[in-house]
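Next come two complexes built around chain A: one with chain B, the other with chain C.
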Partner chain A sequence: MGNQRARFGIARATCALGLVATLLTGCGSDGDSGDGVTKLTFAASTFGDPGRGPLLTKWLDEFNQSQTKVQVSAAAVPYPTFGQTVLTQMGSGKGPDLVRFDMPEFEAASDAGLVAPLDKVIDAGKYDLLKQPDQFMVHDGVRHGVIFEASNYAMFYNADLIPTPPTTYEQFTSTAKSLTKGDVFGLAFRQTEAEEAGVWQDIFNYVYGFGGAWSDGKNLTINSPENLKGLQAFKDLYDANVIPRGADAATFRRMFAEGKVGMELNNGGYVTATRGQNAKLNFTVAPIPFPVRKQGAILAPIVINEASEGKDEAGTFIKWALEPQNQVKLQEILGASSVATTTQRSAESLKATPFLPVFDGLTETSLPQIVLGFEAKTPDIRKVVVQNVVAALQGKADLKSALDRAQQQATELVR
Partner chain B sequence: MTVVEQTGVPKTTPPGRPRRRPSPLGSKWTPYLFLAPAALFILVFQAVPLVQEVYLSFTRTRLLNPTRSEWVGLDNFNRIFSDPEFHRTLLITVVYVITCVVVAIGAGLGVALLLNKKFRGRGVARALVTVPWAAPGIAVALIATWMLNAQYGIVNRFLDAVGLGVPGGAILDSSRYALPAVLATTIWQLFPFTSVVLLSALQSVPQDLNEAATVDGAGRWATFRAVTWQVIKPTVGLLALLMTIWSLRRFELIWLMTKGGPVGATETLVIDLYSQAFDSKELGSAAAIGMVGVVISLIVIIGSRLVARAVEKGDVR
Partner chain C sequence: MRRFRFGVTARIVAVLVVLGVAVFPLYWMFVTALSSNSDLFADQPRLTPDLGQFGVFVDALAEGKAAGWLLNSLIIAVGTMVLSVGLGIPLGYALSRFSFWGKAVLTVVLLFTQMLPEALMVVPLFALFRRFELLDSLTGLILVNSAFVLPIVALILKGAIDGIPKELEEAARADGARPFTTLTRINVPLIAPSIAATAVIAFFHAWNEYVFAVTFIFNPDLQPASVGIANFIGELGTPIQTVMAVAFLFTLPAVAFYLLVQKYVVSGMTAGAVKG
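This part shows the complex of A and B:
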């Protein structure tokens, strides 16, 4: 009897110890290694890119090797859910210490006070920052981010299919039509609601390329005649069946790499990815041949999470990233994208990618894909606009009514 | 040693054995002890969030600043019910749920009746039919998306071959065909479960009753109605309730296939809820939509209980 009691006692004590140990393990933070090293996480969707992800991780390793007190680890969050995942974490006072945002999410986070001011972290005057993209990093005189990547939109074309690139919109459409035969399509762009952010990036080029804009800075101008003209061009190409309808970006990019798509409008970051899919593809780029030389740019700022407990250490990383030699290395990794500061392309880079100056030459006419004057509301406006444009593509409404409706709905949102 | 129970019947214990303490497993608290972990789980992970959701639905709360919540009373409910888009979402939800329940149970019953017959390879057929149910919803959605892919999908190739191809092959991109495609995928995943459950119900149908009905000259349909249906009716009722609740809650399959599009053609309540919470970042509106779902579920559960009672009493045949 006594033995039995003793056995029960031992079992109870073991269970209790196990429980305590489990709880302690679960509650323990992995942020501190205990040896005075601050461990930070850096979240970026590009860490998941098959082409650039591993190279960016190596770049981070170089930082880690240069430091004794700070270590940064990569957190890859897939692009389609990046914004909502990271913003949800940050909204609840958590999340990664460093974040590479796209502009709409950057503006939303910044407006909500989730991003730490950087004025005391870096001395911007010390660096030769690219003026055009950098101006969007500052809100009401407060710097909230530094450009991690600036990538202008240009026209990618398959040089085996198109020996001479189109230089006017008319040539662009006729080339797309003449190339479309069998399982080869002249053009590809995103047109499904499931890729809302991507559709927004694609239609941005059509709106700005035909002289339109989403706002005049104070009022929304979604249904302006210029926007209608640009989006009508987009719809005409959709209706002309020169694109693989229903194909998502992953599918049509693979088709482009296989030589089954003639042209697409994309940003400099896409160069490395295309080569990763087919190193032998004979492709090149030219400016988008729309009437107005204005196009979108992927501006991706790096920011420090306001909730981070290692803001100073995160600042150490940003300062390291801005050092000239590290900027050059970053630019080599990002391919045809620009970085925060003015850097020179190396002779090897220019030899391997002769069209790099085409991208660089577009910086002054490129705009971030946000609604100017309503930056923080861009994700909401984007949703309304994309839904209505897709409705027009689907034949649920004529384009003008769809834009009028988008104007009304978006105006109610920003009121 | 003698123990007298409450009934007054004396109970003897073998001599020489020490008296044992009554086992805790025999006490009246035992059932509660076993239920406690599940009850605690439900309390922590379901009841508490539900109460939070009720509170949230009366507030204006932004995802990016959840601590700056503002009490707005019934504003969220007024807003969603005055929105024609929400009415359409409700309608799509009803269509989705009813179609899933009716077709999944109908197809499941048909398959169960077939599998209940004796034929060669019946065991293999019974095992194979459960495969879609065994596959996770995410895998099913990805398989279906690939099969329906406009460029490479086998479904488009087949439809083109028989002259029924959708222009451009974009089934999931078409506001006309997206909902049927999502429904077909859902039912493909659901019907094995209904067929397995109904097969087990069919096996409890007394064979002699069927034979007696046949001897009395009843045809197949009359035998099914008078004998088989009467036995499996409670199972069908339970399945209908389960399917309804599951279909109301189904998210991952629709989200992965269409994200509720195109143009809201497949937007059910849970998709709308997710969009409000994570795209529009309006937690208050999302909670209000969630409450509508909770109320619908409660109505379905209470309604099914009332129908079941009426059936038991014989008021409803």
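This part shows the complex of A and C:
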């Protein structure tokens, strides 16, 4: 009898919960305000960054306060699945109105016609756009994006642990080895397939820094001798146990902030994030000490979703973002990154961050992390390359065979 | 006497070990949430929580987002549980008791759906849900989660109904009961433990689901906690303490639900054991 009562109790409770769920679900849909205000969403993985995220949200608030007809809200999409999620949504005719893409996904979206042309939305000639990064925003004469952030890669180092930064690759490896003791590691980089996009960013510096390239513009050159040399250097450091193996970027970056990692190759955006984690950390930057002065750059364009019903209003936001005073504010939020237009570093910025000129001086030798000539196929090529490089790191194949396989697989992909 | 004491001690140790294995991840999450930055990467990890860091929980809840995420997760999980169990009972009953054309094929198809990864279905379902205007709504997530969990619910309940002697139903029918009455008055009470078990499966599936939630929901106010937690993973950093605090809060309703239902599973399993 007791059991029967209990069962009826469960049934009643379940029905009640179901009813509540249904009612609440009905209340959960989104909608326009109906007061003539166009509500737009802006998706950027940067909104999740400690330090930068809250400041960017305030920057959006400033836009909203300056407008009566357009409101932009941050659409937080988790970084690990950002590209895949947003491309799926855009591919099906939905998704955020404004998107801050990384270059590989930008190229794929642009090639697939998912990005609205911007030529009618903004008059590019009106602005003093940075030429080097901006050239990648235009495809076949059509502008598809505007630089939101351009950030060169440099070597971050803990100045308390490393009084004099290494200037050659040999010094770099010997510093990494000598620092690795106890719970301190000389270096850190991403090395798992779960962080595919991040591994690609990290190995990019080794390939280009040793004179290699992913293509010659017409053919893939994944298994070229120069690439093998660069990636062998990457693997040697992995094998030397100078990095916290298995630690993801979130973990080893906090370790860097806590003085547990000596050096890291990263981009200018990392400055604000590092200070956000430990304002007292005594760190500075220097150019990456590899044989060739050529490194990756995070180019992050802002684009308008072709499927957006508020393209003109989205254009209003981009025009507001390109206004000089808003560019300066954005640059201060982004740290040592550059923005779309030429801006002057203020005396206060240079005093607080004396190494800003190091980043600025790298602009001419920095390249976006895409495969030139095969831009739209970059995400696919990236997957193949990272899979094979990680397999080599883990001892499942020797590096040369892994690169040969990557070359073959990627060539079939782009054929 | 000594042997008795040894036996008791061994049992206590065994219970503590099992308890430790089960509870330790939760405890470690709590300790990590309440650790300072320097403690996180110290040579000797801190084994006890630093209660001075309790503000991380207050901050996580004060911003209002975490509470909203948890409520959304609860709605999705309860909705999925009600829908999938509600549909799974008659489906399981039909598969168990009725003969119809294509029954074997249907059973195989149900099994086949369990072999498809969610990621494979995201794009086609996205297009379908867009057409039916089910994107960006909790209803859509309840439906898609139910679709994924219903086959396993139905197959488990079919197996449970298979175990009930048909004579019971025949006797009920002889007394004038219709199939629906037979199902609700005879079978459902007898398979209550299996229903409770499938309710747990459905609840946990929907509670933890991520792939559909991250793709189908655009409005941040409608995001469930599984997506909300992932939002903390930034391009350049992740506030580990905050993530752990929200993750700890995320596990509590699920654990509470399991503890609530678990006793019915056990009581149902032992019901009738001494009768006869």
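FYI, the second predicted complex is superposed on the first by the 384 of 415 C-alpha atoms of A that agree within 3 Å, B and C clash if a C-alpha of one lies under 4 Å from a C-alpha of the other, contacts with A are read in each partner's own complex, and residues count from 1 in each chain.
The rule is short, and it goes like this: contacts are C-beta pairs under 8 Å (C-beta built on N, C-alpha and C of every residue); 3 or more make two chains touch, one makes a residue touch a chain.
All values derive from a computational prediction rather than experimental measurement.
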Should A:Asp380 be classified as contacting the first partner (chain B), the second (chain C), both, or neither?
first
Does chain B (first) or chain C (second) touch A:Thr68, or do both, or does neither?
neither
Which partner chains sit in contact with A:Gly269 here, chain B, chain C, both or neither? Use first/second/both/neither.
second
Check the residue A:Pro50 against both partner chains and state whether it touches chain B (first), chain C (second), both, or neither.
second
Under the stated touch criterion, which partner chain does A:Thr88 make contact with: chain B (first), chain C (second), both, or neither?
both
Check the residue A:Ser174 against both partner chains and state whether it touches chain B (first), chain C (second), both, or neither.
neither
Touch test for A:Ala76: chain B only (first), chain C only (second), both, or neither?
second
In this superposed model, does chain C or chain B come into contact with more residues of chain A?
C
Looking at the overlay, what does A:Met255 touch: chain B (first), chain C (second), both, or neither?
both
Quick one: classify A:Gln344 as touching chain B (first), chain C (second), both or neither.
neither
Chain B and chain C footprints on chain A, overlapping residues:
88, 91-92, 183, 251, 255
Contacts from chain C onto chain A in the complex sit at residues 37-38, 40-43, 71-72, 75, 78-79, 81-83, 85-86, 122-123, 126-127, 130, 135-139, 142, 189, 192, 196, 199, 214-215, 218-223, 227, 230-240, 261, 264, 267-268, 271
In the complex with chain C, residue positions of chain A that touch it:
3-4, 6-7, 10, 14-15, 17-18, 20-22, 24-26, 28-30, 41, 45-53, 73-81, 85, 88-89, 91-96, 182-183, 249-251, 253-255, 257-258, 260, 266, 269-270, 273-274, 276-278
Quick one: in the complex, what on chain A touches chain B?
84, 87-88, 90-92, 108-109, 112-114, 183, 191-194, 196, 241, 244-247, 251, 255, 379-380, 383, 387, 390-391, 394, 396
Quick check on the complex: what are the chain B residues that touch chain A?
62-66, 149-152, 168-175, 258-264, 278-281
